[in-house]
Amino acid sequence: MKNRIHKTLSFREKEFKLSPWQLKIQEVIYGTYTKAGKNFDIILLITILLSIIIVMLESVSYLNLKYSFTFFTLEWIITIFFTIEYILRIISLRKPMTYIFSFMGIVDFLSILPSYLSLFVDGTTSLMLLRSIRFLRIFRILRLSRYMLGADILGEALKNSRHKITVFLISILTIVIILGGLMYVIEPKEAGFTSIPRSVYWAIITITTVGYGDIAPVTPLGQALASFIMLFGYAIIAVPTGIVSSEFTSLKSGDVKEFECHNCGETGHEKTAQFCKSCGYELKK
Amino acid sequence: MKNRIHKTLSFREKEFKLSPWQLKIQEVIYGTYTKAGKNFDIILLITILLSIIIVMLESVSYLNLKYSFTFFTLEWIITIFFTIEYILRIISLRKPMTYIFSFMGIVDFLSILPSYLSLFVDGTTSLMLLRSIRFLRIFRILRLSRYMLGADILGEALKNSRHKITVFLISILTIVIILGGLMYVIEPKEAGFTSIPRSVYWAIITITTVGYGDIAPVTPLGQALASFIMLFGYAIIAVPTGIVSSEFTSLKSGDVKEFECHNCGETGHEKTAQFCKSCGYELKK
Amino acid sequence: MKNRIHKTLSFREKEFKLSPWQLKIQEVIYGTYTKAGKNFDIILLITILLSIIIVMLESVSYLNLKYSFTFFTLEWIITIFFTIEYILRIISLRKPMTYIFSFMGIVDFLSILPSYLSLFVDGTTSLMLLRSIRFLRIFRILRLSRYMLGADILGEALKNSRHKITVFLISILTIVIILGGLMYVIEPKEAGFTSIPRSVYWAIITITTVGYGDIAPVTPLGQALASFIMLFGYAIIAVPTGIVSSEFTSLKSGDVKEFECHNCGETGHEKTAQFCKSCGYELKK
Amino acid sequence: MKNRIHKTLSFREKEFKLSPWQLKIQEVIYGTYTKAGKNFDIILLITILLSIIIVMLESVSYLNLKYSFTFFTLEWIITIFFTIEYILRIISLRKPMTYIFSFMGIVDFLSILPSYLSLFVDGTTSLMLLRSIRFLRIFRILRLSRYMLGADILGEALKNSRHKITVFLISILTIVIILGGLMYVIEPKEAGFTSIPRSVYWAIITITTVGYGDIAPVTPLGQALASFIMLFGYAIIAVPTGIVSSEFTSLKSGDVKEFECHNCGETGHEKTAQFCKSCGYELKK
């Protein structure tokens, strides 16, 4: 793996003429196979987690009063670290524009902006909200961890079954809208069913088995209908599970797909097949 | 696909003598493969969604007071659109009676009726309830989306496992009735267990893991029994999932089973296979 | 099927000397394949359902006041019907003792007893509770419906996985006891965590995702632990599902089990096997 | 099995020179195949369960007042039993240090300590908390039951899918943090969303479908977002299930793949097969 990266890097070097120190930075920041790259990833991961924890704790009013200076200091240390990282990311690329206007690039920029703005503007609340954008940096953690654990099978299974899950969600929405409308007619407004959207909200709470209890039917007919929704929701929770399960199962036996016919190039032969299913040519495994 | 439709249409033309403009309308309204047909489907879909959203928003009292004129206007635009669509659907068919008395035909008719009735009758509440029938037009969206995404496997899996799911639901009902009866005996009426139907309602809330909390056991024995119901419900939620999952898995590899080699009798060829995977003999389907 | 029953019946006739009318009754009551047997099953099913609904409605106090005479009449009609059925079940069998002391036999007897007792004893409440035993007759419905829909695969899948589900439930109990004990230490008594059993009850409510909300953590540490329990419960709900799913999947491909070796009697050969896996004898299918 | 143990024991005897009575104790305490060993396991299991039930009941204040002497007596009987067991465990081993400093060894020691400490120290509350450590002995039950039912497949399936479940949990955490932050901004503090950690706590309650209802959105926008979270959580509960299900399925058919026929190379023979199912050649395992 390391070899492949070095090859790619030297290839890139010739073509785009990045100076050696730029390549070194690139290897550390974007690479994940070298030791320095791995360490950088881990440090970045911890810093992002720390920055998110600080934003979260700052929102707790009594902690904010007590440790406001600690938060302020940590905030600036992290901001400076992120700023340096942002600059290094840009200068180590030949085409920095692609990164700057990518989703992660914009998130990276927006996560350092609020701290600098606070020097000029006054109004902590709106700035704190802005600082919440830093939360989106958590996606970098997600991507890293997914990468490290080599479990992209998860995303693939979800992607393969997106059509079926969409149909499933549309079906659920159809049901909750009709049932919500019915409950609005059946139940008195005092029970919380004050409008159809609110009744639909209640139907979603019920069919997904969340069940807050802030809105609950009080008439016998309403309770009977609610029972029906619950049992229905209980029985059809099987559907998305079945979709994804069968997807996982077929992805797991997916190493079968490797067999390729040397005559016509057809793939996807079963493990026990002796002849190509497309051209009848004998398979040499 | 497009070819097949044209063939069908010209065949129909000869037999039933529909004039060319009727065929044109039919192609747009009922067809889904031509560009005009697709566009019509999308416009219809948006209009239905819009009409449902309006009925929903009208039920929110403060919005109804504020925007009553906007709602009124949009209501009539949609009604006129649906009326034209309804008339076109009828005149473009040779046997319109089949459509008129079909489920969708009745829904289509009932969804335009209330607006016209409001011209003669006075009594907004009951009319608004009638207008809720328009919600059933959502099924057209459901059918379209299911069709477009080619995921009828969903309905098929549910249909194949309907027997097992029925038995499962009867089992659940048996359990909730017995447990509901028990809780009625155990718990005081003050805790909400005022009658057996109400106790059964509570048992359904609990076994499906919805858990509103409007009725909750207060005695130690009742709480112990409730714990048992919860753990039981938690363990058997696996059953419908297992049913549907195995159905999906077998549907995924299902159509394969039919093909049989006429030379060696080997079965289990994939749908796209042209030669027997065991002996290389050409498959005649 | 009908043939087999007739054969069995005539065989039984010779051996035990049941008179023809006894055999006729037996066929109607115990048989399910003849028309008379089926009709009897359906009438019995409806009567049991009706008797359960009456007991349920009687528990609703305002209905009981209003329709007490109707309930009384229906109660006695059903009691007489059940009494006749009970007597016929006994006299149509050669060894009635087996039936009388079986689970269903005792339930059948107990479900007619309370009505007769009410003639001599006074004290409606305790009698009504006794009458709830009639609820157990619902198991006859369950057995019938399971039989009619031919879905014994359900019970089999659960039976096969009972060991794993037991281990799973013991694991869950271990976790809720430890977490319940922890929450008792962490949370104040005012939040509802007044004793360890109550805390364990809360942990069960939480881990099974029921969530009544009658007891809920209020301290940050308690809420953090609760979050952990929820995520944990969410992740491991997969386990029983996985167990039962894989059981269903293997039961579905279970028709394989029919192949039997004509040499050694070994069963369980795969569909594609050509030789007995135990003795190497060629399989003739 | 019994043979193997005896062989192991006599082998150990030669090497480490344990006296015969030590070996006898070892067989009873650590063995599970001899009758004495099984009986000891069952007695230990019951005693642990009893000790846990006592600690639980002691925490119920009115029971503690009423039966304090009974609890005190049982407490000491169990403590003495556990003390003897602990001493026997140590003296019947050649290298007792390994056991003493193992997890179970420390738990065994800590579970007898509090009772003895109560002789010298005064302060019931803190001692009762210490006594809760006895709860951890429940793991011995868990291990035993798992062993007895031969269902280690459960732990294995979970272990195999730990990477995917970790990624899944990180994804969930990412989502609840972002959604919790959003809800903190949208909802007023009066609805319970007083800080981001609390909002995240609410998001976890919602996405796992627990739904206490102690915190619930009140604004239309918040309720819309909550609906989205619920439907999302409902759709993705399929993911861990799919992971574990496919793991179970492959574990079930897993050990089969190893056998290969030395004559025709056919694989996929069942564990109990003695002849190749394709050519009838004897399988040499």
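Quick notes on this one:
First chain written, first letter: the chains are A, B, C and D, and each begins at residue 1.
In this text, contacts are C-beta pairs under 8 Å (C-beta built on N, C-alpha and C of every residue); 3 or more make two chains touch, one makes a residue touch a chain.
Just so we're clear, the structure is a prediction, and the values are computed from it rather than from any experiment.
Comparing the residue numbers each copy contributes, subunit A and subunit B share less than half of them at their mutual interface.
Ranking every chain by how far its Cα centroid lies from the centroid of subunit A, the top place goes to C. Comparing A-D with the candidates A-B, B-D or A-C, the pair whose contacts agree for more than half of the residue-numbered pairs is A-B. With each centre defined as the average position of its C-alpha atoms, the distance from subunit B to subunit C rounds to 31 Å. Subunit C and subunit D have Cα centroids separated by 30 Å. Residue positions of subunit C touching 2 or more other chains, listed in rising order: 168, 197, 200, 209-213, 237, 241-243, 245, 249, 272.
By the touch criterion given at the top, residues 52, 55-57, 59-61, 129, 132, 135-136, 138-139, 141-142, 145-146, 149-151, 153-154, 157-158, 165, 168-169, 172, 197-198, 200-201, 204-205, 207-214, 237, 240-245, 247-249, 252, 268-270, 272-282 of subunit B touch subunit A in their complex. Every residue of subunit B that touches subunit D in the complex is listed here, in rising order: 209-213, 241, 245.
Only residues 163-164, 166-168, 170-171, 174, 177-178, 181, 184-185, 194-197, 200, 206, 209-213, 216, 220, 223-224, 226-227, 230-231, 233-239, 241-243, 245-246, 249-250, 268 of subunit B touch subunit C when the two sit together in their complex.
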